[in-house]
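Okay, got some structures for you below.
One chain, chain A, appears in both complexes that follow, with chain B as partner in the first and chain C in the second.
And then the complex of A and B:
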């Protein structure tokens, strides 16, 4: 008994477990908040979803089926029981289980999310290094201007501009969708079309998917990426004037090695939390970008649900986004833990 | 005795005025920040005088003149006309009103409420008050702000008021958390102990001793947040869960106009430029404030 207790205690002492548990608790609170908001408010959700002309007995049957005639705390209890069995209740619009809908739509959003994270890394790090290397140079100023432009145009604005320029005027990229019609037949393995097309060895399909991916990805991440480059720049400028750099210089260590090995790393540590948070909030911004680009993902599904007041679907999507948020934050914590020895030492000192 | 006190109070006022002057001096040295201020003042002036300065005030709401629809930008309509023949420029200027009202209402509620809650939670760190306030704020930051705002809007009737309500509901935790972290680091400063030892009331300590130390960060955050309020407000209306047509709201206009995209692209440009100008001005000013207070 004592041993198991000690085991659980040691698990609880783990930072990641502790944080994840806290996040789960707040997720529970969030579900309660949305649930109450969704049920207490005036208006009949069934009539809103199915139209006002629906016969009374059908409404009654739906009400029975969705437990809407029970008291609120029981409704929440039933719903919570279902959630633990990975059922999110039935959508009033698609007449399917919400979890089935989300499983269908989620891979597309995940693909966008991963692409956005990759894009941020590809863009933010080189730009940050370039502008941090020679502060005040033309490159640095250009990136500064770009950062302002990036933050001032909201993601949906970027989506519209990119569509207009690259899809309609230049005709380089497809404006909407995920894949062209002729490649629709690629076998579904992971649900991520980039990987699926590679697995089936269909290179033209892969290129086609990448082309479709480009506009929504850039729209979602360009503003944040430039912002992150600026943070990296600030970190590099701060670190380069530290004593340890002077020490290395006086020892005759080549500038390039100092710069890329010893200045870059601590500067990256400052960017990682911001980047993690930004990638996580991409799920939110994806709501608009997905619907502009007609991207068949979970966020677009969520938006449809919101416009039609499909309560179970709304609660389900918000909940899944909450989980994605927690997962990304935990991954960020783990990356920080891996690259920042100070955090490791601090944790060890605490326990 | 009393004359001593009034002398101290006068001195305090003088110092405060002097500090303010210095802050303004430092702000005015920053060209970008001044540019932001100029854009902001221009927009506020235009929005408040919209009826008098716009060429076609009646075009703001419901107005139809099919003879003039889809006109590209020209001297009569500098941003072109839309599908009902309305002047886009006029509508954008009226749209500034909604955006500014949104910023005013949201920040006007959120900043005081979030600040008071943060002060309380930070001052009573480790007690029940702290746990309740922080627990509640954690619930609201468990998903991206935009998702929560959209979810709240979706269960309410779609209109401007409910969009405001949703943004307000999801915004207070961010202030609470910021003020909380500052307060909990300041609560053990000697001057707070001194105030306690002198027998000052808790409210006096919170609002007279602690709060003045945070005005800088609060002002900076509020200014930078103003741009987020505009973007989130526009997103909500863009989705169709906020202001409804024919309200000249920037987000609503954008979503109406972007359906005519490749052919009549200038319609989309108007509201987009409006949003960008507003967001830019708030960001420039916010960065200016940050530099001013960072120097102190």
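And then the complex of A and C:
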């Protein structure tokens, strides 16, 4: 008995196990909250989803099917039982299990999310470094203006601007969808078109997918990327004036090494959590961009579910968004754990 | 210093090496798979179609004859035929189950993929389709349909029989969604029976003259295919889920119509392919492939139209966007008649609107021309209780025109004259339809000219629905766009003025006239068409003289289309105004070579 207890205690001491348990608890709380919220909103969900002409007996049948005629705690209990069987309940609109719908829609959003993360890294880091190395210089001012523009225009505004410029006027990029008609036949393996096109060895399709990804990715990420560049800039400026940098300079260590290895690393620490949260928010906030680009993603599905009061779909989508946040937060923590010795030492100290 | 520097360099180097390794592995995998794949997949092969010819006027739909197969001769032996592709947009991607969907996109999909017993001509006349003839008993209760032989389903190749019709009707009844609301009050499903493979008898609960019209919403499914794909357990007892999940999955359709489901891109589009084995007629240059897009984003639509990647737009664009598109070379804007009307519904139980003189005065004070010219320049004037597109529409006894003097005179006859300022009229407009605000403000301006006080209130749609559910919570006036469910005047009269519609969003008049109820019930129970039309006319005059409604528009849908390379019969009025029939693809003609000219 003592050994078992000690075993579990040792597992619990592991920082990642602790984090996973906390995440599970957060998810449970989130599911309960959204489950109740979706059900207490005014208006009959069945009639809202199915229209006012629906016969009363059909309304009753759906009420029974969704357990809506049972007390709220029982409804939640039944739903939770379904979740343990990897089911999220039947959607009123698509007549399928919400998990099947999400399985169909999620890869498109995930692809956008990953592309968005890559874009942010590619844009935010060079801009932040360029800007932070020589504060007040022409480059810094130009980047600052760009940052303000990027932040001020909302994501859907960027989507419209980019579509008008690159699809409507210049005709360089496709306006909608994930892939062109001629490549529609590529076999679906992961649901991520970039990966699937590579798996099928179809390089032209891969390039086509990248072209399709450009407008929604840039639209979704540009605001965040420039914001993160600003944070990085601020971090760089702060760290440049520290004693250890002065010390290194006095020892004749090349400036390039000082900036890229000793100033950049601590400056990144502030950027990583912001970037993580921004990337995660893509899942929930992308519905307008997905609509403009006719991108078959989960965000748009979630939006439609809200408008039609599709109860199970709402809960399912929010739950998935919650999971994405938790996963990305965990990844962010791991990165921070790796690059920030203070966190490592603190965690070790705790355990 | 140096050891610290060295340790740090080691840490970053590991990261670099890891990233480089991942990149190299991905590149190798990509390269290997690319090299080992013999050919790059290209466009899915399509059936060769009729050689390109000069544009011809589409054939007017007639009684379908013997099964025909699309001509498959290529233009020349060496040149592959150019695919005729038609793309149009809608508010959403259709629901693929005929027992579930009832929105416009779904209706378009059903009409193209499934067959129906009857078929509507543009003037509303019904002609045989799957049913080659039909008869009705003297009491109007028993309708017998004789099924055409040789109709084959897309996926099984099985012949369509009366059993499939019965199965489709029963399934619609059981699931109770989609267009089921048209059938459930009327059809006695338990007495409906299959007499033989080619004869079905549908029995009604009560006589219902326009019954053939609602059959346009009974889409016939391949019963065996659906039964094979039933998933158990499900909400329908022994019938499991009745095949709903399989149909919604979009792997196949269960129809026998002119087009078949080629691909379902969930949340994005639906692709249809011409069905070579269909029994009916196509226009000579009908599309080989059709893509139904589920987007209405203005910049997206404008971009696609400009790039000639969309042939026909949806009906949800702003006037400005339609006009911008119509200025592009080869694109034309068209108005398509519908079964809808835009009305100001007046609550006849609320003072001062409980006085017919006040209602008549309002009808005379309203500026109908300004409502068109100043708000929706493409809309058509509304004339009376039903849209003029409906079979049985009757000219009103008088044409209402704005006449402020006559309106004031009429107001003087009311019992509220002298105390009208004590009775402010509250008008709700639907927040989701922005132009309705201008209509409501016009109403306010016009009424204030004759001394009535008006309060304009913006209401979200769900609040409107909620408010209209009881007399007490209903306002004085509500703006609404109403649709007739089938192509006869009875549909609109029943929906708008019969007491069974009280509490629904599509009426706010609350007339409480048992006599009017009886008249409507009697009219729709009349089987003889001419007598029924006479009765409709009488009811329309009766309602008109009560002045319960401002008939503002006979609503038309706007669509922009590529007139240079698409022949769109609906734009010439050669399509039934019933929801979905404007985009019956077999009559639309596409000329890819003309499109190529535009793209040069």
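In this section, the second predicted complex is superposed on the first by the 344 of 351 C-alpha atoms of A that agree within 3 Å, B and C clash if a C-alpha of one lies under 4 Å from a C-alpha of the other, contacts with A are read in each partner's own complex, and residues count from 1 in each chain.
Methods note: contacts are C-beta pairs under 8 Å (C-beta built on N, C-alpha and C of every residue); 3 or more make two chains touch, one makes a residue touch a chain.
Quantities reported herein were computed from a predicted structural model and do not represent experimental measurements.
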- Task: Label the relationship between chain B and chain C on chain A in the superposed model as either fit or clash.
- Result: clash
- Item | Between chain B and chain C, more extensive residue contact with chain A | C
- Task: Based on the superposed arrangement, let me know which partner A:57 touches: chain B (first), chain C (second), both, or neither?
- Result: second
- Touch check for A:301: first (chain B), second (chain C), both, or neither? second
- Could you tell me if A:27 is touching chain B, chain C, both of them or neither one (first, second, both, neither)? first
- Considering only touches as defined above, state whether A:330 meets chain B (first), chain C (second), both or neither. neither
- Query: For A:274, is the partner it touches chain B (first), chain C (second), both, or none of the two (neither)?
  - Reply: neither
- Item | Partner chain in contact with A:37 - chain B first, chain C second, else both or neither | first
- For A:314, select first, second, both or neither according to whether it touches chain B, chain C, the two together, or no partner. first
- Examine A:152 and indicate which partner it touches, taking first as chain B and second as chain C; both and neither are also allowed. first
- Message: Applying the document's definition of touch, where does A:287 land relative to chain B and chain C: first, second, both, or neither?
- Response: first
- Message: Show me the chain A residues, by the header's touch rule, that chain B contacts in one structure and chain C contacts in the other.
- Response: 43, 160, 163-164, 168, 291-292
- For chain A, which residues are in contact with chain B within the complex? 22-23, 25-27, 29-30, 33-34, 37-38, 41, 43, 148, 151-154, 156-157, 160-161, 163-164, 168, 280-281, 283-285, 287-288, 291-292, 302-303, 305-307, 309, 311, 314, 318, 321-322, 325-326
- Message: Residue numbers of chain B touching chain A in their complex, please.
- Response: 135-136, 138-148, 150-157, 227, 231, 234-235, 238-241, 254, 258, 261-262, 265, 268, 272, 275-276, 279-280, 283-284
- Message: For the complex, give me every residue of chain C touching chain A.
- Response: 1, 5, 8-9, 12, 26, 29-30, 33-37, 40-44, 92, 95, 97, 100, 102, 175-177, 180-181, 184, 235, 241, 244-245, 248-249, 263, 265-269, 291, 293-295, 297, 299-300, 302-304, 306-307, 309, 462, 465-466, 504-505
- Item | Complex contacts: residues of chain A adjacent to chain C | 42-43, 48, 50-55, 57-58, 61, 65, 93-96, 101, 104-105, 108, 160, 163-164, 167-168, 171, 175-178, 181-186, 198-206, 248, 251, 253, 257, 261-262, 291-297, 300-301, 304
